[in-house]
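What follows is a set of structures for review.
In what follows, chain A forms one complex with chain B and a second complex with chain C.
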Partner chain A sequence: MRIYRLIFLRELRKVFSYKANYIFSLMFYSSIIFLISIGLQGQDSILTNVAPSLIWVSIILVLFLSFEDIFHDDYYDGTLDIYLIENITLYGFSLIKSISHWLANCLPMIIITPIIGIFVNLDSEIIIPMLITLIIGTPALSFIGCMGSSLILSLKIHGLIMPIIILPLFLPILVFGIGALDVLIFNGFEELFLRQLALLAGISGLSIVFCPIASAYIIKANYD
Partner chain B sequence: MINRGNELKLQLANPGILERYIKTLSPWFCGAFISSLIIGLWFAIFNSPPDYLQGETVRIMYVHVPSAWMALFIYSSMAVASLIGLIYGHLVAFIYAKSVAPIGAVFTLICLVTGSLWGKPMWGTWWVWDARLTSMFILLFIYLGFIIVSKSFNDPVKGDKISSIFALIGFINIPIIKFSVDIWTTLHQPATISKLDTPSIHTDMLIPLLIMFTSFVFLFLYIFSIRFFSELNLRRYVTYTLSSK
Partner chain C sequence: MELFVKNLSCSLSGRKIISDISFSLKTGENLKISGENGSGKTTLLRTISGLSSFDSGEILINKKEIFLLGHNAGIKQNLTVEEDLDFWSNFYQNEHDDKILKELSLNSKMYSQCRYLSQGQKQKLALTRLFCSNKKIWLLDEPFSFLDEESSIFLLNKIENHRQNNGITIIVSHQNLIKNPDLSINLGDQ
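And now, the complex of A and B:
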């Protein structure tokens, strides 16, 4: 168990120190939000209605770009080979990768969402439900994205392939995430909100359980 | 002593013998497709009643519904073939999954386009983001993703495995498409034929629909046989160049 903790710490140190991925995702996130708000000429009435969708869509766009090199470096510099020799299970490895991806990319974006909400005129009563849907929904995005990242591991032409492959699996999360908020904004039904949230949590749970298994299998297929 | 049925199954698992079988059958597929298409179109255009609500536009159904069935059928068979391929590591299953994917994508596209042409006069819009339509659109993207993944590996063995896993992951969408009209309240009508009790469609409309479906099945088989030959020859070429190095 100790070795997994060390790998986890190594991953965290890697993402939070010299590569500083989280800074780039935060910058890209806010720049998408700014572009769209300026593109809508800052009309408050439109922005209030579309703010939850805007935040969800920008987070997904940022994540699309962040999935590209999750396993890439470890695969090509031989770290993964060493792990395999040391009998570290690929399941545990991809679980660690997914969790550290969530901590490095999704969590900072969730933390600055209340501040971003000011710029898109997000209703102050929606901020807490918005954060709840993001916290429940984004793990699914990270885990599915890691699985997709292992799919394109040994391809030379990654980049724009990734979003196309992953897009269909992201759509349910987007639909239920925004659906929950829409129910709350336009109808005010707490019960329906909780029901959509339960569906979202179900998708998250399923992907947390099954995606590392699938991605371990896919990585193993690359070594055959 | 192997019995007769088992022997045939063993033969069909051999790509070379299967190729010979398909080569003899493929002209028959083509003939069956053309003749049933002519009969089906004659029934659909001249010999079926217009709907009492929708009028003449109901004739779009005879292309729309069979192509939707074909799209779902092809994806399901692809997923089953991928599973068999992953378990038994059999070449024919992988070749099947790889060669039918573009056919399924085109059927999905036909279904979406005819549905949108039908939706304009009936619902008043080309497109709504409703559960059935959205999940069908996702199916198109899953097909495209599968095609991209299966074509972008240099090593066919690795590519087969990874694209099969992708096909199995994408299979989640098929039950969603099937039950989307029952779970959510949608603009699209619920199932009328594949119900457990008697179908709620009139026999005069059911006959041309089934004939059109048969013709689409033969079209699928015909295109599949062509693609099967080309894929098999590609594998032979890859094996040949690898072994001659």
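And now, the complex of A and C:
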């Protein structure tokens, strides 16, 4: 456990020491939202209704930029070799990578969402539920993204392979994430919102349990 | 503690790289592996360390005692030398030796990010991890690459000390710096 804690702290230090990485992600996220709000200028009611969808889709687009690098450095700079020799389980390592990815990429975007929401006329009553769906749903994005990243580990040229493979896996998250908020916007608070939230939590839970296992097998297969 | 390799054969992408190699090393012995580029020196080290699978043969080794110094040493570009050293000393639960840092002229680079180190300095940083690890079986893949003369002599002395402390060392090297290895294999002769 001590070694996994050390590796986790090292990962966090690594991702946060390269500030440009997450600052560019935040800038890209803000830019997408800002451009859409300019595009739909003067149509405030439309913007209010589609704001949750815009935010969810923007977050997914921004995250795609970060997925490719998750295991890439560790594979090519020899870190994975060392961990394998030292008997660090690939499951534990994938779990650490996914959690640090969420902390470095999703969490900053969630934090600035209430501010970004102003551009897309996000209803003030929707801000808290929006944050709840993001906090519950985005871990699934990070964990599935990590699994996708392990798929392209040893490919020198991968292009759009990963987005094509993992985009369908994001659909349920997107459907229930946006669906829950749409229920609130169009019908007001009702049980359906909680049901969609529960489904979202279920998907995240399954991703947290199974994606590191799949990642570990895929990484091992890259070695064999 | 001993190391046995018996009738080992390995392939890489369907091509036979190593065929039917056997050797054994006892404590306090070292082996020098030489051979032309692509003859399978690195593959042999990776196979012994358990990173690569093999077609046939047998390897008997205490895996907990292996240290592999490969072409890439797990150095993170945006961490500082100090952060890297601290991580590995905590990892191996063994303080890094300030004397070694001084000998390798790394003490003045403690707060530099690893991206700004030269190849030689990165190699020296990788060596500090080796000395910090306290492992008994050293698998060194071109350990003298990029090192200046002074650091090469320092490493040679460390390898000799390791041998005297009953450690096993397998060295892949193009240079003739290891003068009297206990065993020598030229993979080009296969």
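Operating definition for what follows: the second predicted complex is superposed on the first by the 219 of 224 C-alpha atoms of A that agree within 3 Å, B and C clash if a C-alpha of one lies under 4 Å from a C-alpha of the other, contacts with A are read in each partner's own complex, and residues count from 1 in each chain.
Here, a residue touches a chain if its C-beta (ideal position, glycine included) is under 8 Å from a C-beta of that chain, and two chains touch if they have at least 3 such contacts.
As the structure is a computational prediction, the values presented were derived from the model and not from experiment.
S.K.: Which partner does A:Tyr76 contact after superposing on A: first (chain B), second (chain C), both, neither?
M.R.: Once the two structures are laid over each other on A, A:Tyr76 reaches chain C alone.
S.K.: After the superposition on A, what does A:Ser17 contact: first (chain B), second (chain C), both or neither?
M.R.: second
S.K.: Is A:Ile165 touching anything from chain B or chain C once the two structures are fitted on A? First, second, both or neither.
M.R.: In the superposition, A:Ile165 touches chain B alone.
S.K.: If we overlay the two complexes on their shared chain A, which of chain B and chain C does A:Ile85 touch? Say first, second, both or neither.
M.R.: After superposing on A, A:Ile85 lies in contact with chain C but is clear of chain B.
S.K.: With the two structures laid over each other on chain A, which partner does A:Ala51 touch: chain B (first), chain C (second), both, or neither?
M.R.: neither
S.K.: Touch check for A:Leu6: first (chain B), second (chain C), both, or neither?
M.R.: Only chain C; A:Leu6 stays clear of chain B.
S.K.: For A:Ile203, using the defined touch cut-off, is the partner it touches chain B, chain C, both, or neither? Pick first, second, both or neither.
M.R.: Neither partner.
S.K.: Which residues form the common part of the chain A surface touched by chain B and by chain C?
M.R.: 224
S.K.: In the complex of these two chains, what residues of chain B are touching chain A?
M.R.: Residue positions touching the partner: 134, 138-139, 141-142, 144-145, 148-149, 152-153, 157-158, 161-162, 165-166, 169-170, 173.
S.K.: Can you tell me which positions in chain A touch chain C when the two form their complex?
M.R.: 3, 6, 10, 13-14, 17-18, 73-74, 76-79, 81-82, 84-87, 223-224
S.K.: For chain A, which residues count as touching chain B in their complex?
M.R.: Going through chain A, the ones touching chain B are 147, 151-152, 154-155, 157, 161, 164-165, 167-169, 171, 175, 214, 217-218, 221-222, 224.
S.K.: Can you tell me which positions in chain C touch chain A when the two form their complex?
M.R.: Residue positions touching the partner: 46, 49-53, 63-64, 66-68, 70-79, 83, 87, 90-91.
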